[in-house]
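Presented sequentially are two complexes of chain A, the first with chain B as partner and the second with chain C.
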Partner chain A sequence: MSAPAVSIKGRAFGDHLLLALVILLSIVMIAPVLWVIGLSLKDNAELMADPNSVFHAPYTLKNYINTLGTSSVFIWVRNSIIVAGGLTLGTLILSSLAGYGFARLNFPGRNILFIIVLFGLAVPEQAVLVARHQIFSVLKFHNTHHGLILPGLSASFGVFLMTQYFKAIPKELDEAAMLDNAGRFRIFWKVLLPLTLPAQATLGIFTFLGAWNDYFWPLISATKKDMFTLTVGMASTQTNFAQSEGIGFLMAQAVFAGAPILIVYLFFQKYIVTAVSGAAVR
Partner chain B sequence: MADQLTMPQTAMPAAGVKIPSADIYAPQWRNFMFVAPFLFFFTTLLVFPLLWGMWLSFHKADTFSSGKFIGLGNYVRLFHDKVFLQSVWNTFYFVLLTVPTLALIGLFLALCLNRRTRTAAVLRTLFFSSSVLSVTIVTLIWRIVFIPNVGLLSTIYGWFGATAPAFISDPSLAMIGIAIATIWWCIGLPMMLFLSALQQIPQDIYEAAALDNANRWQTLRSIKLPSIKRTFILVVIIQIVLQFQLFGQAWLMTRGGPNNLTKPIVLYIYDTAFRRWDLGLGAAASEILFILILIAAMAQYLVTRSRGDQT
Partner chain C sequence: MTADIEIRNVNKHFGAMAVLEDLSLSIKAREFIVFLGPSGCGKSTLLRMIAGLETVDSGEIAINNERIDHLPPGKRGIAMVFQSYALYPHMTVRDNMAFGLENIGMSREVIDARINEAARILEMPHLLERKPGQLSGGQRQRVAIGRAIVKEPKAFLFDEPLSNLDAALRTRTRLELAQLHQRLHSTMIFVTHDQVEAMTLADRIVVMNNRKIEQIGTPMEIYERPATKFVAGFVGAPAMNFVEATLDRSAENAAARFADGTSVQTEIVSNQLSDGKHTFGIRSEDVPIVAAGQGNADGVVEVLERLGERTLVYARLGDGQQIVGSDAGNSRVAVGHKVGLAFDGQKSHLFDETGRAWHAREA
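Up next is the complex of A and B:
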């Protein structure tokens, strides 16, 4: 009688210990964010006098009004939407076409081309940045929207993902249409593409998020303030941390930039997790 | 053009023979049109810059001209450049600080949160949420945690009358500060990879273990850990590749200082190529990084391949 009781107790103790550890880690995850939100709601002078004032009123929305008052923020958001949106649309079109081509059709040199495209997955951005920057200088692509969009179109991941997805669709579906000699594009457009919607959503959200958060290429290509993306623009205002408009203001900016992405994440969580894990494992 | 496209459609039914299915998969040039648009961007914006970068690394070059051929001159300069060697060391140190921690905490979280309760689902969402933020926001958050006087850390230390460690300005702590921010940012991915590996363990193995009266520790040691061994190696390699490319956190939190102690290879490339415009030297440094990452990527390929062979 007593032996199982002990083991259940032992279990409960272990459970509590693990629970305590997980709770501790969750606090580490969440406390910095709450701190930032707290600071963003405080008047700067009060904050400097006493950091502990975060924990009590008065709170103010002044920092947010100031953030929205800086006209640059809206230009940066607009640039980010154009760049991330353009890249997403382009990636979806190119990857779907190429994915269908590699998965379903045959053409001379297909296998070797696919291997070369796969090799592209292993090429880090830094290995091509210097040359790409020089090429874009010659073409005068810097400080333009297409200059920020184009490099992303060469990424192999989307083609890889769509090829896998097309291969998983049963061949019978389009083979009949192919034997009837329906045009290849018609089959792609009418029969197969509608079936790939989940993959389109995954790839689309992944591409959009990656472009929205990208820092390195926009940093070296968009050097004019009105061509900054939100990520680069935000970084540019925090360079002189101490001398800038005040910590509360910077924190309001961080919340302003971070909140929409977190909301999108909560809605599309499933797709984002699938895409990120898929991109990592390949 | 129009004739070519319609010709087979009219010709075939006239012949009245059913085409064997091998024929529809016969190589045809026009099928190439589907992959051509992507291959255009792939070739011009990835393959060509990759080769051009290699070519540049053997030249003394600036923004607009490719300069003159100097053979291995840039590579020789790199290996005599104390700052470059320091940046290689810094990168390895950073990888060593972050990768094992990420793998172990990720595994721990996955083991704890691999259940069907609502709390576990909420916590999974929480631990992955930081991954969707941009590096700008993450560094802003952590600089405000570490900043003296108003920072979260110094406030907490202040309650106990202590002074917080200066994670950004102290030379021996700066890289650790960057590593902490990075772990906070990146913990979601290892956790998710471990979770999906754990969920692939067939349920009947647990049932068999339960029948054998295996306790939780035994289940963990003889079922869970062996079946995610490959995932563990995979997570480590993926993280090595990712963390090797450290740039934003170091640039935004410390600018590579103090004394270049937190300057990683990518920041060295950025400094050399895009701030001093020594493109040849920058290209050479990025070739070295490329080789290091390629080695890790090959290892990843081998690990995923061997899993494919076994099942």
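Up next is the complex of A and C:
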């Protein structure tokens, strides 16, 4: 009887060790966030005099009032919402349709086309940047919302993910729906698409987060201040924060920029955990 | 609604591989037909061709004398129950059943009436608002049948619908299906590789093997007068005893002689039989166990299978041939005993080299 007791004891120790590790990692993850929030609540002059003043009162909302009242941050947030939202919506629509096509339709060149899509995963953005810049210049797409959205719509990963997901759905469902007198689009829309919701959520979250945090393409395409996305706008203020706006103000902007992501996370927490754990395939 | 189904000279290939060859079959209205055969014999493909889920390479399929092989599945007026049930997981039972009716623009009142009637027949009104994931295997099966019933189809197609159920539920569902057929009076086609399902459900069984139909007949015709050696061996448990034999055709009825000298006088007319080697066949229940020296042959008991109402006795003949005989449920025979095997000539069968069967004259 002693062996199971040892085993249970050993397991309890392992659980405690794991818990301690999780707490430690949580502290490591959350400390910078609390640090940023603390800095955002301090007066700039006080922080310049003593960076450690973050640990004691007085705290102030002045930086947030300045952020909301004086800078372009609302415009940048709006731009980021339009770009990230548009890109997410577009990616979900196109990836779902393409994924369905690759998974369910027989057409000449399907396999070759799918391989070409997969090649897209291997091509770095930098490799096509000059050509894309040239094309967008000619089409006068720079400094427009669609100019910021369009490049992200060619989402190889999204097509690949949705293709695999559609393939995993039993074909009997299509066949049952065919016997139920449903046309191809109705089968896609009413039967299959709802079943891909977990994959849609995963893809949507990653696309939204990626677009929200994207810095590279908006830096090139959006050169006018009122077309900056939040990342580019934030970076533009960093060049002179020490002289004029101050670190507290910058941190208030950072909190402001991070809030939508936090909201997205709170709403889609379950799907993000699923996506990160790689369990997207049901 | 019910329908005659006519299949004429149908062929089907997957790539270079032939799946069905020149197959013809007539199914009468209200008939319960079972396609029985081993895996890969083409029975499911034939069912899917009737459903419209597989194309027909050549030949015709007609329902009530109207060709349907060019119509899409939804326009053929048939319903199918899949092996996996294929219920829409994100829809409630009610929505699953309504989906097909909504697609043809049926009014909500009629849809609700049909769903309620089907739910009543299948005793599942309490399941209507649940989703498939909240149902047991048996309940899902009911829903799949309900989804077929509400369409009031000309014919029901079942593709091995009982194979995902446990043994007890399978037996119960089999009975319910038989009752459903009596109640709906619809044409039903049922695919299975389980001979018990075929024997218990079918008005007629279509035994298929190797891309072709081996025999079409009632369960008892198939069992008692199998058309080929394949049918004789495939239908029945335990399988029919087969022994290589030479024939003595000097008398009106042929006698079969085994390698060990055992002779069985059959009641199969001699002059219809050809020269050449034959296989003698007989079912275990037609080989009663008797005292050693009292039967056609003696054998040593190797295995006993006690089934309750009878005991199967596996005995080895002198030449090494194993024969399964039958004794009473409370048989006193034990392993190692020498017993006599009494072959019933009236129930004996002979199979020629092509596999064709010959039987005793019908009484």
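Note that in this section the second predicted complex is superposed on the first by the 228 of 282 C-alpha atoms of A that agree within 3 Å, B and C clash if a C-alpha of one lies under 4 Å from a C-alpha of the other, contacts with A are read in each partner's own complex, and residues count from 1 in each chain.
Definition applied: contacts are C-beta pairs under 8 Å (C-beta built on N, C-alpha and C of every residue); 3 or more make two chains touch, one makes a residue touch a chain.
Quick caveat: nothing in here was measured; it's all calculated off a predicted structure.
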item	value
Which of chain B and chain C A:186 touches, first, second, both or neither	second
Greater chain A contact set [chain C / chain B]	B
Touched partner set for A:263, first chain B, second chain C, both or neither	neither
Partner chain(s) touched by A:170 [first = chain B, second = chain C, both, neither]	second
Partner chain in contact with A:36 - chain B first, chain C second, else both or neither	first
Which of chain B and chain C A:194 touches, first, second, both or neither	second
Which superposed partner A:17 touches (first chain B, second chain C, both, neither)	neither
Contacts of A:159 with chain B and chain C, given as first, second, both or neither	first
Touching both chain B and chain C, residues of chain A	175, 178-179, 181
Contact set on chain A toward chain C in their complex	170, 172-173, 175-182, 186, 190-191, 194-195
Residue ranges of chain B touching chain A (in the complex, touch as defined)	5, 8-9, 12-13, 18-19, 21, 24-35, 37-39, 41-42, 44-50, 52-53, 56, 61, 63-64, 66, 105, 108-109, 112-113, 123, 125-137, 139-145, 147, 149-152, 154-155, 158, 184, 187-189, 192-193, 196, 215-216, 234, 238, 241, 244-245, 247-248, 252, 266, 269-270, 273-274, 279, 282-283, 286-287, 289-290, 293-294, 297-298, 301, 304
Chain B-touching residues of chain A, taken from the complex the two chains share	7, 11, 14, 18, 21-22, 25-26, 28-33, 35-36, 39, 47-48, 51-52, 54, 93-95, 97-98, 100-102, 105-108, 110, 113, 116-117, 120-135, 137-138, 150-151, 153-156, 159, 175, 178-179, 181, 183-184, 188, 209, 212-213, 215-216, 220, 230-232, 234-235, 238, 241, 247, 250-251, 253-254, 257-258, 261-262, 264-266, 269, 272-273, 276-277, 280-282
Touching residues on chain C, where the partner in the complex is chain A	51-53, 72-75, 78-80, 82, 84, 86-90, 99-100, 103-104, 147, 151
